[in-house]
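Next come two complexes built around subunit A: one with subunit B, the other with subunit C.
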Partner chain A sequence: MEFNTISYLILLFSILVLKVLLPEKFKIPLLIFGSFVFIASKNIESLIVLICLSTLNYFLAKNIAFSNSKKKVIPFYLGILFNLSALFLFKYFEQNTQGLSFSFTAINFESSSFIFLIGLSFYTLQNIAYLIEVYHNRTTNNISWINYIFYSSFFPKIVSGPIILPQEFLTQIHKERSLSSDIKTGAQRLIIGLFKKMVIADRLAPYVHYNFDLSDTNNGLTALVALYFFTFQLYFDFSGYTDMAIGSAKMLGIDIKENFQFPLRAASVTDFWRRWHISLTSWLTKYVFYPLSYHLRNLKITGTLLAITVTFIISGLWHGLGFNFLLYALCHALYLCIELITKKSRARFSNYFSSSLNKLIGIIITFNLISLSFIFFRAKSLDKSFSFLNSIFSFNNFLPSNWLNDFVSKLAIGGDLESQFNLYITLALTILFLIFEKKIVNAFLTERFKWRYAMIFILMIFLFGIFKSREQFIYIQF
Partner chain B sequence: MRLTKRFLFAILFLLISLKGLELLYGFFLLENRNIKSAYVSKEKINAEVLILGPCVPVWMISPTILDKHTGLKSFNLAQSHSDLADNFLHLHLYLKNNLPPKYLLLYISPESFDIRYNEFNTYRFASFLGDTVVNDIIKKQDPEYYKWSGFPFMAYAYYSNKINFNVLQGVKHFASGKNKAYFEDGFEPPFEIWKSDSQAFTESYPKNQNFIWSSNREGYLNKIIQICKTFNIKLILFESPIYSQSAKFQPNRSVFINRIKEISNYNKIEYLNFDTMLISNDKDNFKTTINLNKKASEEFTETFGKYLKKHAF
Partner chain C sequence: MQEQIKQEVQAIFRKVFLNPEIILLDKNTADDIDGWDSLTHLELITEMETHFNLHFTFDEVMSFENVGQMIYCISKKLVK
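And now, the complex of A and B:
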């Protein structure tokens, strides 16, 4: 059951109606039941593993909390080990004819993992964070088991986050809230998410799939534009998912923190990471980068550079055990290290231009750097990544010799008028949304329900949305 | 209370808008002369020879050349990527508005019975929902679509990428009063920009891949046979040349050919197989293993027309 399906909307609506009708004391059991239905609809193993891991983490955290500083070391490391083992076992192993083996993954949609467990990578990070917080006495340990299960399994965030800590989540349960305001703002967010996913991301998906996976004789410009398409697809797919997650949670009376802040408008890679997948970046910063930088503080700038590199390597490995993800992560580590080293000289250089021009140049450079790193993220193998890079930087073959055959037809998957029409519609919708994204968010996502905006977006979904061959959310595989 | 009222009003507005769009889309799709199903449902074609099948005949058999040799008026009703269910529905819609042809030339090859080749293109029949035959087949071939098609506008929204352009073209045809299709006799000459490349030849048939017989496809062939008997149409099955070197990638090709022969013998239908014609040996005559290029297509159609005149008509 994915967010962009009627069955999900029916589930959400049913839970919402029951939540309104039932007394307050049934709120948590109802939401847990709804989450269990949602998870079990994907596969029952996911639900069993989630309950087992959450219970284990809960009792280990209790043990840590009630042990003295020497004794709590054992349950703490045991907990970390359990979580990482689960991640390794279920995420990095695959079933093949020779039995179980490591799967060196790349982004693909034919997951052959041992058992596909929904949201494992995300709730593992949450569990680890909780153990660390309890270990350092930074959080209260008076959470009940049922509340911990509620927090772990809460269906709007189970698939791909955002990653949040139990105290951020559970403190909201008994807060007084305005039901109508929650429903209005949540529904608006849900509509925007559906629009991003069905009208933009899923329309871009076949073009990306064709140019990355099927066609291998691209000229530089075609490859570059296909790469931009993927950057847009990934952004709209993941941020669309996040909008739907935040919107659904809001309708059910839970606030989930933001995961994106207009990342494609970032003026530097550092800025990009403050705006992209914010919950993962915050987790890595808090639990990997800060401790590492502290330990390496004697090495001064080298220590910081090392900490950045290690943090990104962990981020890459979290995505998958493949060289592609490692190179993707190393690209970003390199970008950030260069930005850090050249900070002063860049500041001096920027004095020569106006601030708006500086920002524009920054956005263009950052967008291209980010897109280039996404080659490793998207291509199915290292060979494919390098041949794609080669195409982009093959200056002799950068411009297509025949614009219709080698550029438009390749991008549109066909040179006929219908294919071109669909490509142009997709491009127009993508670019228009990107240009007016901030305005749309500010005007539409307010406390007051904007009926006109809502109707327009719903009609646009019906007119241009992809209902058939629905693409699954890209981040569901991580 | 105010919120509930507004909510109900919004739902009502949405449903009315979607219903309005549904009516507009349905109307303009039927006005589009380039959609074969719509064209043959509106225009009187009344051909004596009808050509049916997937991309192979639509890009290969020119009625102009065929008519010259047979002396009969023909129309190419074939559609790219279409399976036998798709072909059957096109024939059904044609017969609803036209006199039955004397002959039906149906392209049949081993690929016709393997679901990995060609498909049922539901969107081509979206504006014909309501016709019981169309409904029955869509329900069977695309149950998910059929389930949602009752919701206002979903019959068109479901395949919006395949529909929107055709609706706009329908608007244009309606506004300009156009009453002929761009390809008036249904034949679409193969694009010259396509090139034969070895990858396309080998990818069509991965090594040692056997064809898999689909009883569903066979069922639709039987329906076509049945409808031909009902309307007293002489059905002729045919296969055009295939690139000779590709046969070795199709281990059970002969088994399938024999099965087609059995079906044609059982139903007393002629089955003409041109798969080993002389032009089959030269790769330059092909765009894919089964699609001939323009020049070779003309050569084949001439041979086919002469053969039909001499032996079949």
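And now, the complex of A and C:
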């Protein structure tokens, strides 16, 4: 059950109606029940695994909290080891050995089915963060088991985050909230998310698929534009998912942290990481980068460069084992290291231009650097990645010799008028949304429900949205 | 003393953020100063440790919520 399906909307609406009708004391059991239905709709095994993992982490955290400083080391490291092992077992074995099959019970435990559903990568990070916070006495440990289950299974965030700590989540349960305001702002956010996913990301998906996976002989410009399509697709897919997660949670009375802040407007790669997948970046900064750079700070800038590189390598491994994700991560480590080393000279150089021109140049350079790194993220193999890079940098064959056959037809997957028209519509929708993105988001974040805007976006979803060949959310694989 | 430390901290901020116009207030956070992120935070800490010849623990580094807390921590260490 994905967010952009009718069954999900029915589930969300049913829970919402029951939440309004039932007394307050049934709120948490109802939301847990809704989450269990959501998870079990994929498979019952996932639900069992989720409950077991949550329970074990909960009791380990209790043990850490009530042990003295010497004794708590054991449950803490056990917990970290246990979570990392679960991640490795269910994620990496699946990648390497076509899936592990646990058939020692009547239920067949197919490892691949867990990963897709419960977003184990996200879930593990939450558990590790919780254990670290409890270990360092930075959080209170008066959470009940039922509340921890509620937090860990909450369905809007279970699949792909955003990553949130129990305290940030659970302190909201008994706060006074305006139900109508939550439903209005949440519904608006859900509509924007559906639009981003179904009208932009899913329309771009076939063009990206064709040019990355099926077409081998692209000229440089066609490959570059196809790469830009993927950057847009990934952004609209993941931020659309996040909008739907935040919107659904808001409708149910829970605020979830923002995960994107207009990242395609970033004027440097450092700035990009403050705006892209914020919850993961914050996690890595807090639990990997800060401790590393603190202990390496005597090495001055070399220590920071080392800490950046190690943090990004861990980020790459989190996305998946293999050279593609490693190279994607190393690209970003390299970009950040260069930005850090050249900070002073760039500041001097920027004095020659106006601040708006500096910003524009920064945005263009950053967008291209980010897009180039996404080649490793998207291509199915290392060979494919390098052949794609090779196409872009083949200066002898950069411009198409025949614009219709070698450029338009390749991007549009066909030279006929209908294919071209579809491509132009997709491009127009993408570019218009990007230009007016800030205005649209700001208008939809207000508590006043704007029926006119909502109806326009719903209409556009029905007119231009992809309903038949529904694309899976890209980040669901992590 | 607190004011003297504040002036010296301000000079460090100006050096790290390459901005001679920074005027520090106790309530300033990373949101108020352009470029104050995880990368520059540790640079700031290292500069302060060298300048004041003191040592911050990791928990202290992680707990600073604003400039005021940073200055208070430095003044406490200098008194010792």
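One rule holds for everything that comes next: the second predicted complex is superposed on the first by the 455 of 478 C-alpha atoms of A that agree within 3 Å, B and C clash if a C-alpha of one lies under 4 Å from a C-alpha of the other, contacts with A are read in each partner's own complex, and residues count from 1 in each chain.
One rule holds for everything that comes next: a contact is a pair of C-beta atoms (placed from the backbone, for glycine too) under 8 Å apart; a residue touches a chain by one contact, two chains touch by 3 or more.
Keep in mind that this is a model prediction, so the values were computed, not measured.
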Return first, second, both or neither, reflecting whether A:463 touches subunit B, subunit C, both chains, or no partner chain. first
In the superposed arrangement, which partner chain does A:289 touch: subunit B (first), subunit C (second), both, or neither? second
Figure out whether A:26 sits in contact with subunit B (first) or subunit C (second), or with both, or with neither. neither
Of subunit B and subunit C, which one touches more of subunit A's residues? B
With the two complexes superposed on chain A, say which partner A:418 touches: subunit B (first), subunit C (second), both, or neither. first
Of the two partner chains, subunit B (first) and subunit C (second), which one does A:297 touch, if any: first, second, both, or neither? second
Could you tell me if A:77 is touching subunit B, subunit C, both of them or neither one (first, second, both, neither)? neither
Per the contact definition, I'd like the list of subunit B residues that touch subunit A in the complex. 3, 6, 10, 13-14, 17-18, 21, 145, 148, 153-154, 157-162, 164-166, 168, 191, 193
Which residues of subunit C touch subunit A once you look at their complex with the stated criterion? 18, 37-39, 42-43, 45-46, 49, 58-59, 61-62
Mind listing the subunit A positions that touch subunit C in their complex? 136, 270, 274, 285-286, 289-291, 293-294, 297, 300, 304, 308, 336, 340, 343-344, 347
Subunit A contacts subunit B in the complex at 180, 203, 404-405, 409, 415, 417-418, 421-422, 425, 449, 451, 454-455, 458-459, 462-468
